[in-house]
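Labels A, B, C, D, E and F are assigned to the chains in the order they are written; within every chain, residues are numbered from 1.
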Amino acid sequence: MGLDTENQAVIQEDLINRLVDELCAPESYERVAHRSYHHVPMPSLEALEELMETLRALLFPGFFGLLDDFRPETLRYHVGAALDQASGMLAEQLTRGFCFDCGDGSRDGCSQCEERAREVTRTFLSRLPHIRYLLSTDVQAAYDGDPAAKSPAETIFSYPSVRFLTNFRVAHELYLLDVPFIPRILTEMAHSQTGIDVHPGAQIGERFFMDHGTGIVVGETAVVGHNVRLYQGVTLGALSFPLDEQGRPLKGIPRHPIVEDDVIIYAGATILGRVTIGRGSIIGGNVWLTQSVPPCSRIAQGRPRDPYFLEGSGI
Amino acid sequence: MGLDTENQAVIQEDLINRLVDELCAPESYERVAHRSYHHVPMPSLEALEELMETLRALLFPGFFGLLDDFRPETLRYHVGAALDQASGMLAEQLTRGFCFDCGDGSRDGCSQCEERAREVTRTFLSRLPHIRYLLSTDVQAAYDGDPAAKSPAETIFSYPSVRFLTNFRVAHELYLLDVPFIPRILTEMAHSQTGIDVHPGAQIGERFFMDHGTGIVVGETAVVGHNVRLYQGVTLGALSFPLDEQGRPLKGIPRHPIVEDDVIIYAGATILGRVTIGRGSIIGGNVWLTQSVPPCSRIAQGRPRDPYFLEGSGI
Amino acid sequence: MGLDTENQAVIQEDLINRLVDELCAPESYERVAHRSYHHVPMPSLEALEELMETLRALLFPGFFGLLDDFRPETLRYHVGAALDQASGMLAEQLTRGFCFDCGDGSRDGCSQCEERAREVTRTFLSRLPHIRYLLSTDVQAAYDGDPAAKSPAETIFSYPSVRFLTNFRVAHELYLLDVPFIPRILTEMAHSQTGIDVHPGAQIGERFFMDHGTGIVVGETAVVGHNVRLYQGVTLGALSFPLDEQGRPLKGIPRHPIVEDDVIIYAGATILGRVTIGRGSIIGGNVWLTQSVPPCSRIAQGRPRDPYFLEGSGI
Amino acid sequence: MGLDTENQAVIQEDLINRLVDELCAPESYERVAHRSYHHVPMPSLEALEELMETLRALLFPGFFGLLDDFRPETLRYHVGAALDQASGMLAEQLTRGFCFDCGDGSRDGCSQCEERAREVTRTFLSRLPHIRYLLSTDVQAAYDGDPAAKSPAETIFSYPSVRFLTNFRVAHELYLLDVPFIPRILTEMAHSQTGIDVHPGAQIGERFFMDHGTGIVVGETAVVGHNVRLYQGVTLGALSFPLDEQGRPLKGIPRHPIVEDDVIIYAGATILGRVTIGRGSIIGGNVWLTQSVPPCSRIAQGRPRDPYFLEGSGI
Amino acid sequence: MGLDTENQAVIQEDLINRLVDELCAPESYERVAHRSYHHVPMPSLEALEELMETLRALLFPGFFGLLDDFRPETLRYHVGAALDQASGMLAEQLTRGFCFDCGDGSRDGCSQCEERAREVTRTFLSRLPHIRYLLSTDVQAAYDGDPAAKSPAETIFSYPSVRFLTNFRVAHELYLLDVPFIPRILTEMAHSQTGIDVHPGAQIGERFFMDHGTGIVVGETAVVGHNVRLYQGVTLGALSFPLDEQGRPLKGIPRHPIVEDDVIIYAGATILGRVTIGRGSIIGGNVWLTQSVPPCSRIAQGRPRDPYFLEGSGI
Amino acid sequence: MGLDTENQAVIQEDLINRLVDELCAPESYERVAHRSYHHVPMPSLEALEELMETLRALLFPGFFGLLDDFRPETLRYHVGAALDQASGMLAEQLTRGFCFDCGDGSRDGCSQCEERAREVTRTFLSRLPHIRYLLSTDVQAAYDGDPAAKSPAETIFSYPSVRFLTNFRVAHELYLLDVPFIPRILTEMAHSQTGIDVHPGAQIGERFFMDHGTGIVVGETAVVGHNVRLYQGVTLGALSFPLDEQGRPLKGIPRHPIVEDDVIIYAGATILGRVTIGRGSIIGGNVWLTQSVPPCSRIAQGRPRDPYFLEGSGI
């Protein structure tokens, strides 16, 4: 009966043994495996999600999680508790981020990375009032910029722009503190939820609003002024990038656009390279732009034509 | 030892106290805080997700959740139970939505909002057979419109178009009943999952299909006829909007396109303003269109040119 | 008091009874209901998510889940255990997929579908080393292609491109084995997370990278060579499709582009129809292309114009 | 560095390999391993918990789970839905129970056990009205018997006696239908929660109440009449049991007490063997009884004495 | 095929319909159903568990949940936040408890019960410092009384006595405030975990310790002095209770023992009736006692005898 | 309106502030708070539960968790993976246990405790084959000893005795390795589930069976031979314990019974002090025994008497 049973097994002994051999051969895994030399685990997406939920609750009292029942007279307690909790969670994940490739090779744990994580955490937390200030301008911009918005509160609770920017503004502060890895994870988490992909290195001014948001891409070295509004599908990208001697892109070169104050860029426009969009300009939808434009420019796509290739088919 | 320990603490006493002071100052939080005067909590995203799961199970018997084992002879029980459950969940969330800024200022709870929530719930539920009918036409349209679809069932189970429209058609009925806030939350939930962003106020006819879907945006006052098909990245947006005396956009003005029956709009096309796309028209991909076109138009983007700026670099 | 209470109930008896009647009428549900004749349940999204988590952990040792603590000396045990677990989960879901419309009509369960599911599972598992090899080239491509990437590991852990391709390369192998339904569910799961929508039938070469990713669409019959890079919003779609006598699109006809090796296609470009993009070509952003281009072509959108319609309004 | 790292690993390669060898040797596992020849999994404690929650909700409308909002006008829907759900869950677990050692050795699944499980499920369900009747008498007995009870409802919601008896009366019906294994699991689940251990084979009359309950034990062949009340720590056990030729206890022989109607047995009393406690008797606390007593007996422990051994120590 | 399928269904149409009829007949459910006239739901066991977890964390800083990382310098924030959270949870559950049978019959919700719940919550919270004081004496008693205990902390973290008493001392304060139903639920929750069943009405002095605990029962009107120690299986119960004219036990009469200070009662002793155990007494194991004993008594069970009934059998 | 709202708040500002002051005063918390000087958290009950589930799955292949589908040909992989997983979990919890009061006072983490935890983990794991052997004898004893058991497998899956002993035998090995705190937590977890409380320090021979189990207590220094069977409510306790000069019980003195091989002790018997129960003895139910008895003794409680105090009342 043993034989019979084995024959019905989904995966037989010889197959599983052969596959284990293949998948455990160093030449199979060496380019896709990660090994922590300090037994420090990978950053945890669940923990970072929880951290962001805590920070979101703390930044917007009365809306989310443990602080969803806002009363001024008890606010101090909840803010203090949330700060303490967030500090521990952040320090733990930063340690993991620093240790991800610190390559020190010493013993269990990595006290250097732990120390650095605590310092960065403290500096970061002291930036929270500033982060809240920036987000408050983003909330106002979302309300002012969308005729469908009924109240600023609505944009805090359900607009992709504010949700993404909460992650982004946290990630950007960490990026400024030379934290590796974690900032990008935070923006990717919000990218997955909103379809917005602003690199944590981008410099973004006050009152930023991304209407609808899906497909927006803003590169690492982009500089965006105050009161800028982007619509879905806008790209502020790199035109091309110089290669090093191995033919790989040189990292860290300014290569994305500078967008000055009070600019509006409509859906699907693509602006590439270290160009400057002068203040007060309006860029039309679907425009492809690789040159600087002076302040108060009005740029639009070429006029659409009548059909010339659409005959004779279903389309 | 106490001192030592404290020095190692992630966040020291003076830092946390200072941050609490800053973050609890009214000038810090007043623009980002929400206060419920009736102790009615914010709408719950978890509860609304569960509501939608219940409605989805109920609308598409045999596919989801508690109704996933469809048999005609027991269907009545499951439909009745799901209706009863959904009615309670919806009434609760509607109460929260109404009370979010009813500003009545009386005592705990808000019996006016509760009463209104119950009435709206009843009216909404009586629209469920109609909602199912509309969705059945959307399912057929998805099957007919996608050569990769093997069966209508496949589109119910896994197509973003049908998933989004389930949320949308529910949200739209609530929008018609003057429910604030909740409809937008429902479409944003589906926006996050699918990348499709159709405002709950948009009027959408039967047999609507959005292939792939990511990046589609349809504005609040858009009117879409029967048998319309959109591809990914299509925008039916506002060209500009009149401002009020404070320079803020006037709300509620018709400002989005009218798309008549049997129109197809290909990927990335952007149509802005209160223009009319005549019935049977086909709009090509990436087109930027701000004018009305007559029935049966064929519109395409300008012919692409040879490269003129692409020399000498990696791109 | 009974009457009173009933009046307050959210949904009264007569309403619920009437709605149950309407919603349980065959003419209401027949186009949106699914009935399994073998009492085989629908595929489970939760189980498929768990399967993908197991495969992801197995393919990238040291990064995820149960294999997140990589050590060569214990790898065999974890790989073997994960393989055994994955085989059971996959066979179960494949059975459901085959049985979804096998329409055999015999008794409980469907031994034919179970047998086929086991065979397909075995064949699929033996392809895992190859899948890992392909993904290792995709990881390298992501690292090489993005100046913002600090290490290949970072792209494994957080880049949408690698995440989508993990689901895709699994789904594609199942597609090649004539598995219905399941492959599309797997890519839709990743579509929801990343905004990338590559049909599981597409043929994708080694070293594939989709930067940012949101809005990318690649159709079922597309053929993509080695070392191809796409940016967000790129469409490799069908121009139109021949209809059958009922006016419905003919299924299975090659209708999507062929993209040869070493091609780069920038953000928002739309390429439609069975055209060929010659090897080494670069297609500019927002281009609309429906014709083949020879190797090493450089294609860009028409030059943007000065504003001619933007006067007098907010835009 | 590899060596170093390995030295720090919690469990080194040679240790894990040696342990795997030892633990996978048949002589190590053969007495503690279970092998399903039909790939039918073990009964699931989680599923049985969920089944009991469903039945509990169904039996006591208005108290638990999906039926916790009782209204007569919608009760039918919830009862029907819960019955349908319970029937599927029970049939699945019964199949596993039957197949646990059916030893048939044929192919995947075991259609014989499935068929039998369906039949037993149907018969069991038709006993539900009777089970509810019995429980309604138990509820009344708990209320009548405990001066601390404020309402019958309180005993349904929080008394160990009613909670245990709900599992027991379900398990007993399954026991009568010759279901192996599952009945005992159901009573053990409730044993763990309440400290009460009544074997599912015991025959228990109406109006049964176990006050406090912890430590009560009632054996498989016990017979308990109507209106019996037990206090904590009461044992209705076997005095001794005849052995078979291998010296193992003979199974299935009547070996536990018969307790007639209207008997009260106080805390800690131990009654052993096939004795009869005549109707209306009262057995005092801590009594050890191995003989039958006539109706209306009053039995108490020997009178306590003064201390004779307690001098000179802490006690 | 329909017929065939139906025949295989676990539960056929006629059976389910018949069972629904039976189970929805008022005569079937009327003695086991609960109906809330105010649409106020039943107390939630999950919420009460969470409440107790919050109070446990708050009472024992550094051990549990959100307060498990104790530092004096941030304690205020966590205590304040936990108090605010606990107050909301308690008020909600008390409302449900009061409304369970307030029978007022007016409209949705019950503002009277809500008001009363808020008042009781406030009074209860102001008793928390006292509750903590009592528990601190219980912790010390557990440490002093058990030679196996290595530290007081160990008893806080894992001893059944302290765990039960945490629930009990909370429940007792609520009992003193005339809260119905909820106190008993709280002690039953701990009864299920520990096997200890002390009624919330019992008056228990400082430094109370129940070693091992399983099977201990203390009745509603018991009075226990300071520094009392009980071992497993001890009962402080009622001997009998006067009946009212319907033959049902009169509620609220003092009927359980008074145990004075510094008494030790060993395992399995049963003390029944309104008797007094004088201070400093020691009651031996398994004693059955229904009379008062003077201070400093030493009471033991009758001396065991040689076997007289054990011949000739396995025992 | 602010005032009004505040008046309705469950807990007002002055109350919460006052309570925070009281509860954060050192004199309030100092006897109930725990402070980790190394920022090493408390042991986690959830993690220890998960550890026990992993060990249980590993010890009894084919019954539980990840190893519930037993096949000899893949067993090695699952055993190896489970061992590796268990080793990490155990080392982490042991570190917490050692550090709970190591009081070293140095920096974050405690490398000494970590090192010791790793060593103990390795030693413990090498005892697993022996633990499995002991449990296999316990399984056999449960099957042999209970006429109601249908198969040894049934006792593995659902008998309290085997469940408790799994935790106990693991805890006992850790106790022998001088692990503080954790062993007691493991037995208390099983105590809560089964009502059995055997101290991890007790020495228990092979083939141990506790029928029903509720209320059994075995003390730290008890010695139990092979093939011993206990029934519910049996106590092997201390009679009294010498006090130190502060009047607190001296810890670590042999103070519990020695029970030799082949002894049976029936329900509710209480055996106290360092007495010896000679091999082959049978102790009757409810016996109170504080003296040694020779081999093959038969001990029973005094003969019950006729009622002398039961007249004239309900009992």
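Convention: contacts are C-beta pairs under 8 Å (C-beta built on N, C-alpha and C of every residue); 3 or more make two chains touch, one makes a residue touch a chain.
These numbers come from a predicted model, not from an experiment.
**Q** Half is the threshold here, strictly exceeded: which of B-E, A-E or A-C has more than half of its contact pairs identical to C-D by residue number?
**A** B-E
**Q** Quote the value, from 0 to 180 degrees and to the nearest 5, of the angle by which the CA atoms of subunit C must be rotated to coincide with those of subunit E.
**A** An angle of 180 degrees brings one copy onto the other.
**Q** Quick check: more C-beta contact pairs in A-B or C-F?
**A** The greater number of contacts lies at A-B.
**Q** Could you work out how far the Cα centre of subunit A sits from that of subunit F, in whole Å?
**A** Computed from C-alpha means, the inter-chain centre distance equals 49 Å.
**Q** Could you grab the centroid distance between subunit D and subunit F? Build each centroid from C-alpha atoms only and quote it in angstrom.
**A** Chain centres of subunit D and subunit F, defined by C-alpha means, are spaced 22 Å apart.
**Q** Name the residues of subunit C that each touch 2 or more other chains.
**A** 5, 8-9, 11-12, 16, 20, 39, 69, 71, 74, 76-77, 79-80, 83-84, 88, 107-108, 195, 214-215, 233, 241, 249, 266, 268, 284, 286, 300-303, 309, 315
**Q** Which stretch or stretches of subunit D touch subunit C in the complex?
**A** 5-6, 9, 11-13, 16, 20, 71, 73-74, 77, 107-109, 111, 114
**Q** Can you list the subunit B residues touching subunit D in their complex?
**A** 66, 69, 74, 76-85, 88
**Q** Taking the touch rule as given, give the residues of subunit C at its contact with subunit B in the complex, in rising order.
**A** Contact set of subunit C toward subunit B: 8, 10-12, 15-16, 18-20, 22-24, 26, 28-29, 31-36, 39, 41-43, 100-101, 180-181, 184-185, 188, 191-192, 195, 197, 199, 201, 214-215, 217, 219-220, 233, 235, 237-238, 241, 248-253, 255, 264, 266, 268, 270, 272, 282, 284, 286-289, 297-303, 309, 313-315.
**Q** For the complex, give me every residue of subunit D touching subunit E.
**A** Against subunit E, the touching part of subunit D is residues 58-64, 68-72, 75-76, 79-80, 83-84, 87-88, 90-91, 118, 121-122, 125-126, 128-129, 132-133, 135-136, 139-140, 144-148, 150-154, 156-160, 193-195, 212-215, 231-233, 239-243, 266-268, 284-286, 290, 300-311, 315.
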